[in-house]
Structures are given as structure tokens and as C-alpha cells.
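Please see the structure below; I have some questions.
The chains carry the letters A, B, C, D, E, F and G, assigned in the order they are written, with residues numbered from 1 in each.
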């Protein structure tokens, strides 16, 4: 992967499935639809996971960036 | 859903019911009436939920954005 | 309720009784007298509540905005 | 009380005794001598209280604003 | 090592393996691909470690800078 | 004491012994040598205290301002 | 020691051994090589200490400033 800046990573992940590790240890997995400089992101078809198991289907979400540990494709 | 930026998500949710996951694990469900760039939001007919059960009806609220994990329609 | 921005909510609540949910789970109830863009607020005739019971009467207060979860009329 | 902005509250409290509720649940009571826009304040003749009892006399203090929950006359 | 500013350290570590200590005590080890002034970083071939043992392989990640304690080559 | 702004308090305390209450409940006592607008301070001959007892002598320190509750002469 | 501002302290400590107390109570000891206005620092030959005992040798590190309580020579 070649990229200039971390946010290029999010451009490359648009409309693909990403996994978001949250500060409360849970994870959200969904299709990335939008992001901004605060790392606020919008995902569709989002599921909430704990220990790799689906806890709940939550559909579309706007996730506030300050809750994020990392985002992985 | 096509949108340019995360806050377009909130524009699309105006005057509709949204669910707000809070950092203290509780949830607020109400009708979105206003928001700003800090993700401060105003909702009407708001209920406070815990584990999907209604704890309390709290009517109109101004919710401070830094308490939010995610907002979902 | 129609409003353009969240802080219009506070303009509409001036000189009326509001309930403030705090991050430490307590609540303050008083008459809203002033606010600023940081959500710092001044209330008169303020009572501190826990589980809907009055703990203490504390009169006038300047409340620092970063302690607030939500404000409700 | 009529005031335009929350910090007018502090102007009105200058050289009077104020009670400061802290985020660690303790309280400081002293004579307000100075404040700034970060809500940093200077008090003289300050006492530290816990559950309304005086724990310690600490004289003059510069208190960093981000520790404050509320200030009350 | 001679460098003018801390971020020169990251320039020198580009495309090399780095270990990232996180505020939740875990560690991520991967190949540094990008960073910005907020210390947001992108790594490839990332592994999550606890007590020096590999917990999970997580591939490419965008790690939010405010979770970082330190980065070490 | 008459002063215009909280930081005048620190000007008046230069080269004198001050006690710094920290957010982790410990205290540092030393001779104030420098400060800035973030309340970062430098002290010489610093001792670390817990419950008014000296835990450790730590000499000169640069203390990061966001750890401070209050500073007292 | 005479200095104008806290960061002069770090200029004086360049290429010398410093001890860094962290918010998680651990300490890092190493040779200071670089710093910036956020108090991000780079150290070489760094050791991690707990209760004055060496836990681990970690070599060169870029330490994020918001983890720091104090820095001492």
C-alpha cells in the first residue's frame, strides 16, 4: 500500500467493509460511506461485535471519531 | 445511501426518529430537531433506554455532543 | 418545536426551569439565567437531585459546560 | 439576578465567598480574587471540604478551571 | 540519532517495523506506512500483542493518535 | 491580595515554595522557577508528598499543567 | 537554575538522561533527543521502570506528550 497521509487510507476504504475497534472494546463492522477530518464516519449495514460475535445489527450509523481506536479493512 | 460528509447523515435524519448511543452505555431515542458542528443535538419526545427498555420519558433535550458514541436512524 | 441550531433551545429555555443531567449521574434543576457557547450555564434556585430526590439546595450556580450530558425543560 | 453571560456571574462574586464543587467530589470554599476565561480562579482563605466538613485550611490557591463542576456564592 | 523534532523520528521509521504501546496497555506491531501531525498512523501487517504474545493478526490499520503512549522501532 | 488575573498569582509566587495538588491526589512541593499559559511549571528542590509525608525527593521537574488541581504558596 | 519559560528546561536537558513520570504511574528513563510544543519527546536508550526497577529495555521511543506527568533530569 502506498499513501501519503493516514486519511488516504479511508479514501481507499470507501464503500468497502471496515472493522472499527472502539475505546469501550466493542467493534463495529459495516460499509464505509463517509468520513471527515475528525474521523467521524458513516457506515451502512453496521453490526456491533464483541469477542468476534455479532451482538446486534444496527444498520446505518454516524460514529463520532473520538470513540475510535483503529479502523481496519 | 450517498453522502459527501458525515454531517449530511444528520441532515437526512432531521425530523425523524434517531437512536443515540451514549458513552455511559445508555441510549436516547427521539425526534431529531437540530444539530451543530460539535454534534450537539436537540431531540423532541425523547426516551432514555437501557438494554432496549424505556427507563424514563424526558421530552425535549439538548444533548451535548461529547457524550455520543453513535447516532442511528 | 422549530429551531435552527441547538443553542436556540437554550434561548427558548431562558428564565424557565431546566433539568441538567451531569456526567457524574446527578442532576441539577434550576431557573436558567445565562449560557455561553461552551454550554457554561448560570441557574438560580438550583437543587441537586439523585434518583429524582432532592439532595441539597444550592441556590445560584455557574455550571461548567463540560460536566453536562443533557439539558431538558 | 440579571446577567448577559455566565462570566458576569463571576464578576458579581468577586471578593465574596464562593463554594467550588470539584470533579473529585470535594469542595473548596474561599474568597474569590481573580478568574480568567478558562475558569481558572484565585481564592484567598480557602478551606477544603468533604461532606460539608472542613478537611484542611489551604490559604490562597490558584485552581485550574478544568477541575470545576460548579461555583456557587 | 540526530533529529530536530519528534516527528523526524517517524520519518526515519517509515516502511520499517514499529511497536506502538497503547493507552489500554496493549501493543500493535506493524510496518509504518503513513502518519500525520495528530500522530494518526497507518500500518500494514499489523499484529496485536498483549504481554509480548500475539493476540490477533489485524492486517492494515489506521490508528487514531490519541490512543498512543509511545512508538518504538 | 490584589491581582487582575489568575496568572498574576504565579508571578507573585516565583522563586518561592509552592505546593501543587495533582489529579492523582499526590502533591509536589518545590521552588517555582518558570510557568507558561498552559500552567506547565518548572520547580527546583521538589519533593513528592502523599498525606503530607515526603515520599521521594525528585529535584528539578517540568510538570505538565494538565495534571494540576491547584497551586498554593 | 534561571530560565524564562518551562520549555527552556527541556533545552537544558537535551542529550542528557531524563526520567519521565507517566500518567499510568510507570516511568521511562532515557536520553532526551528531541521535543516539541506538545511535549512529545524522543529518547534513546530508554528503559521502562516500575517502583524504581527496570521492567524492560525499549531503546528509542517517540513518547506522546499527553501521557506525561513530569520530566526530571
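The rule is simple: a residue touches a chain if its C-beta (ideal position, glycine included) is under 8 Å from a C-beta of that chain, and two chains touch if they have at least 3 such contacts.
This structure is a prediction, so every number in the text was calculated from the model and none was measured.
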Steps needed, at minimum, to get from chain B to chain E via touching chains? 2
Let me have the rounded angstrom distance from the C-alpha centre of chain A over to the C-alpha centre of chain C, please. 34
Separation of chain C from chain D, taking each centre as the mean of its C-alpha atoms, in whole Å: 19
Chain C residues touching 2+ other chains are 66
Should the ring be read from chain B with chain C in second place, what is the ordered list of chains? B, C, D, F, G, E, A
Inside the complex, what are the residues of chain F that reach chain G? 22, 24, 28, 33-36, 40-42, 44, 46, 58-64, 66-67
Quick one: which bits of chain B touch chain A in the complex? Just the residue numbers, please. 1-10, 23, 25, 39, 65-66, 68-73
